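In structure tokens below, several structures.
Here come two complexes built around chain A, the first alongside chain B, the second alongside chain C.
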Partner chain A sequence: MNNEAVGVEIRDLVKTFPAFDDKKGEVYAANHVTLSVQPGELVTLLGPSGCGKTTLLRMVAGFLMPTSGEIFIGNREVSKIPPNKRNVGMMFQSYALFPHMTVYDNVAYGLKLKHMGKTEIRERVKGILQLMQIENYASRFPNEISGGQQQRVALARAVITEPNVLLFDEPLSNLDAKLREYMREELRKIQKRVGITSLYVTHDQSEAMAISDKVIIMRSGKIEQAGTAMEIYARPKNQFVAGFIGKANFVRPDSVLSLSGGKAEVELLGRRMTIDASEECRNGEPCVVMIRPEDIKISPEGKFKARIISKAYFGQYIRHFLDIAGQEIEQMDFTQSNAALQVGDEIAVNLVTDSLRLLPLDDTEET
Partner chain B sequence: MDSPGKARKKQQKSEKRKEFLMLIRQPGLLFAIIFVFAVLILFCIYPIVRLFISCLTDKSGQLNLDNINYVFTKTDFFQAFWNSIKLGLFVGLMATIVGYLYAFAITRTKLPGKKFFNIMAILPILSPPFVISLAVMLLFGRSGLITKNLLHIRGNNIYGFTWLSIVQILSLFPLAYLNLKGMLETLDSSVENASRTLGASRLKVFLTVTLPLSLPGFLSSFLIIFAKSLCDFGNPQVLAGDYNVLSVSAYLQIVGLFDLKTGSFIALSILLPCMLAYLIQNYWVSKRSFITVTGKATGTVELIREKKIVIPLFVILLLLTLFTILMYGTVVYVSFVKTWGVNWSMTLDSYQFILKRGERAIKDTLLLSSIATPCTALLGMLIAFLLVRKNFFGKRLMSAASILPFAVPGIALGIGYVVAFNTKPIQLTGTALIIIVAMVFRTLSIGVETGSNSLRQVDPSIEEAAINLGAGNARTFFTISLPIMKSALFSGLLNSFIRSMTSVSAVIFLVSVNWNLLTVNILSEIESNRLGAASAYCVALMVMVVLAVGVLEFIVNGLFARRRRSYE
Partner chain C sequence: MKRPRNGIALSRADKAFDVLDYILLTIAFLLVAYPLYFVVIASVSDPIAVYEGRVIIWPIKPTLEGYARIFSYESLFIGYKNTLLYTLIGTAINVVMTITAGYALSRKELVGRNVMMMGVMFTMIFSGGMIPNYLLVRSLGLYNTMWALILPGAVSTWNLIVCRTFFQQTIPDELREAAELDGCGDTGFFLRVVLPLSSSIIAVMVLFYAVSHWNSYYNALIYLSSTSKYPLQLVLRNILIVNTLDDMVNDVATQAAQQRMGDLIKYGMIIVSSLPLLVLYPFLQKYFVQGVMIGAIKG
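Now for the complex of A and B:
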């Protein structure tokens, strides 16, 4: 749409809630969060349930008052602007369609508030309903259409007023798996087409990777890491991030010989090698090596001896659990050339050392 | 050095301040809150405070306890106090037992005619307060059909504790029934089933599981009915006779002896035990209840079929219901009879009489109730909306103030209104406005309650979605919240209309030459022993209430109908 996209900036945002259990404590739902969304970008907040994603969105929308910190939309600090004046669209997890209005009236609601002429409203609503492929349901009530259709209505209602920013709170979590995958592509297409700055919340990593320009990993109200999906997948800062995005084996190295400048010399599974290291690794502190399942290659010339513990067939790949030097390690084989291998076979494997990464050991048992 | 606790307090303070600043930026919301507080303080708190002050001061406004001294020494205050309490305790206990039997029979046994019994139990709640008293006079009084014509008892005296308590039990047990029915329905029946499967007998299950688990509900019903009996004015005024109770005594002081101060003090003395009962009911029973309410049905109760349990219960319910039908039937019948006990020919004389004498009262009642009802409903929904959905300073006060006029005895509220609004700066006595206001605030808490309950069941993000799209608070309230609360709105409107139409004690001091009410007319007809006319008034009132249900349904459905149009 035609108005200039604006960015969002969040600076040092804190939100505390009184804790439920003991009367003195408090929960940090947002713990000094700083982030920015460039104009037109779609940024995803990814984190486990309860980490504070909804709370953050609700502060941007204006439904919650931050304890401290600032939120800028465009160049305006918005924490003193009431939610109905912020021009921020939101798609709710529950869709929150008006149950007593038809699809048409739901979508038109925001335009009516802008005192737009009747004919113009009709034109615009029709246009957006067509874009969302729900023009045939205009005169139905929300309880008369399917979940996927409700979701489109919610999206149509949110974008039709051309808000500066669009907030999504796990919009796909109520849909079944198939529809979810389809809808996320649709969503992304529409977001790109409309060019609207978006902040998208989800706890589903594949959803985050599929649609975002930038992914922000959150845990317990704190930002753990921000970057493109590729950056985060390839260069996670810690074990939590590595485990949350994609799959990973974490293997304690036999020893860390040296650590400096983002490189480390380690002895791993009985062999010495140089690998990348996270900047969060400290000399002398316990570390683990991240090995992605696809970075283990089965090959007759492999330097590591392995035994197949179990095997499962998934179509695009075969998953093996291997015993390498006494450690149980997950491996994914996308080559289809090792289909004949059997449980119990002794084989040889190589590690893609460029992809291995030394991370600080995470002892808070949380994923 | 700041302790963490201090730092947190500071943080909360700054959050509160920010919330306040945000509030100021929403003038509509701020205005609504200020408006609600203003009317609540003026019409709920101020009259009660004035009532207190008026008891403790003399004409010049000086502190003066002579008045209290006078009440204690020169009137039979203590007798009346003790009588009221005795009546309240007895009626509370009996009505709760009857209500419990009723509720148990409906929820736990396989009883024929459940729907019918259910409706018949609710009837007394919907009808004018005198109907049962009136019927008792007609059937069992000096020239009563049963006492005089069937049993040939001469001059049977129905005035006093016995019949008064019977009438109160009959008119109040439905409250206990509804309360206990809800409780028994939500009681986790798996506990009962479990002990049954462990081999316990019916009686044992009832005594060791069901009864102890329903004890909090039982107590809560008892307290509510105790308070209701204490506050009741209509029935004692008709039936108490020499059995002196506080509400009648307060009324007589004012109407008979023109002694407003003594009347005020007596009215206040009902308020204390009454409020105490409500407070205990609220804070003790509801907090310490050990009912296993799970919110979702965890299996259905196996309904009792044994004849030896079902048949006695059925007989009890049937007798109760037949008695109720007899009462209402009698009143309807009498309204068409020429002279009860003398000339049994059918005529419309009574109706002609009330149309001539009471036309004004009928019109006034309808008009004032029809104005009061939407006001109550709207204000109630607004307060519910503010209490459930918004954050602001003084929420507790708002909630308490909105309940106050409902919890205080009607007679105290009425006297409070007279004391507070009979002089400048706010002189309202004699006007229609004061009656409307009394009706509105007397029934306000019903609106607040129904509204809050329904709002709590609606996902708040639906309203947030509207705000997010740019709707202000007022628009959100009128275009989203209110239509969604439609059914709550309907029952709130209905309830408040019925109560406005049938209220006596709160308005009896507020009627005037210019504005009169049906219920007050009924009372004076009973006092002049024109029972036919009183019956005709009662029937007219009941007919109007039934018509109101239809009209309201029509209006509410029309106003907030889901509109489906085609968009071409």
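Now for the complex of A and C:
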């Protein structure tokens, strides 16, 4: 694409909807959201269903008016500009292909509306269909091609007008698991090749981790944490984020002896240790320790006694549920060297203390 | 019936089921088809034979006298012409108004949509009644014009709801948003996307409205005074009346003859008035079924 890539910036964006249950209340679908997407970057909005991802995306597209706040595309404030003047493309969850038009006409539609010359349209459409590897289906109708192909048509249609920003609303959720994994790689490749700034919505954490430059975790209209997949996985700010990205055990420490400067001295499962602490932890407030299943190592010299409660084989790893000091804890063993262990065996384990993390206790029910 | 389905042999119970199926369907078919057939043969039979119940399978003493009589009325052709005109113009107005209104009401962002919908529903339950309607039509200057037959019922509430439901179910919001991003406005979207996807509902509406225009006579009876504007149904009704009750004739034999002629004409008229629709129906049948389904899913 010949456009210079531009960034997206969202400042203090609020969107409220009237609540359904009581007449006076309001639902915050976006609750003072601030975020930025660098030019050419792919940023994912990740969160449970109903947390406001679609609402946020639709405000960027221009289908919804924000209650307050600003949206910048490049250095232009767009929140009062109609969707077709914002120069954004969007790939919809349902693909939203026009059923009565061929693949070719679907893709060409936006160019036709821009009164582009016939030959130029043909060139452009041909090029993009080739890029998406669907040039052989140009004269088919949407119901005559597979889900994955419809997907590509939808993407072709979204990028053909060379938008500054590409928006994706759970574009893979209608595909089966295998195709989904394949298509997300494809999407990422094409996004990189085109170099287009993208905002991608999903509720699937592995999808988010696989394709994003940056992941933004949302809950109830608020941003909980933003960063690379690795940052978020290794240093979640709170229990919600830790539980949403990857798996984690949350164990109440026996006591927190000291807490300062991102470090905490705790007594955990009967042993004293120093671990990292989230900046959201407060002295005197209830906390939990995050233990990722892969950070529990089975070893004869282990300092913790454990008993195997259950065991399941997953190919790359074996999953054990262990009883450690009366707590049930999930463990994943990637070493393949403990395959002979049986349910009921008494074993010893070590914790990778560098990876443990003290987080504020989350007592809300949502996950 | 012996033919196995998909190459799988039929069990005894399957066979019994099939046989029963065919029997029941045949009975149902006869129940519907025979009266139609009877009208056809009765219209060309000797009225005395019809009266005595002897016309059952074949016409008896075939005669086209009834038809000759019907077509001898010049007013019949005027009636045909009028009905055709009312049906064409009326249906065109009906369909345009119902489809556009139905689409507008299907859009969530239409301001005041619920209030409008309630207004529409209200007319389904309460109406002014015949006399207020008559007075209204009069004072609007529609009396004795074809507009009195067309405008008051330009939008049928039921059909409007059927249309709205159709659009809600078949035109997803995302489709419009996709078009919007491409720079397609509301009108463009309606013309270039909604209409091409709505051929079935349009066909249904054409059929519903055309049939009701074709068959209607009551409004014409109330709102039209000049016989030259009478639609077919009204003309036929008058022909029938003229041919059955003629008080001037006191001669019993003549009266009886006229009575028989009246019967003959009656059957002929049914054919004359419904033949055009019967001819049209097979082409629209599949849409008709669809339309009934749309209405059935959600009111």
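In this section, the second predicted complex is superposed on the first by the 367 of 367 C-alpha atoms of A that agree within 3 Å, B and C clash if a C-alpha of one lies under 4 Å from a C-alpha of the other, contacts with A are read in each partner's own complex, and residues count from 1 in each chain.
By our rule, a residue touches a chain if its C-beta (ideal position, glycine included) is under 8 Å from a C-beta of that chain, and two chains touch if they have at least 3 such contacts.
Predicted, not measured: the structure shown is a model, and the values here were computed from it.
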item: Chain B versus chain C as contact partner of A:260, first or second or both or neither; value: neither
item: Partner chain in contact with A:109 - chain B first, chain C second, else both or neither; value: both
item: Which superposed partner A:98 touches (first chain B, second chain C, both, neither); value: both
item: Partner chain(s) touched by A:141 [first = chain B, second = chain C, both, neither]; value: first
item: Partner chain in contact with A:337 - chain B first, chain C second, else both or neither; value: neither
item: Partner chain in contact with A:75 - chain B first, chain C second, else both or neither; value: neither
item: Touching partner for A:126 - first (chain B), second (chain C), both, neither; value: first
item: Residue contacts with chain A in the superposition, chain B compared against chain C; value: B
item: First (chain B), second (chain C), both or neither touched by A:61; value: both
item: Shared chain A surface residues [contacts with chain B and with chain C]; value: 61, 63, 83-84, 88-90, 92-94, 96-100, 109-110, 113-114, 157, 161
item: Residues of chain A touching chain C in the complex; value: 61, 63, 83-84, 88-90, 92-94, 96-100, 109-110, 113-114, 157, 161
item: Of chain B, residues touching chain A in the complex; value: 4-5, 8, 11, 14-15, 18-19, 21-22, 25-26, 459, 461-462, 464-472, 475, 479-480, 483-484, 486, 560, 562-567
item: Interface residues, chain C side, partner chain A - complex; value: 172, 174-175, 177-184, 188, 193, 196-197
item: Complex contact set, residues of chain A against chain B; value: 16, 24, 26, 61, 63, 65, 67-68, 79-85, 87-90, 92-94, 96-102, 104-105, 109-110, 113-114, 122, 125-126, 138-139, 141, 157-158, 161
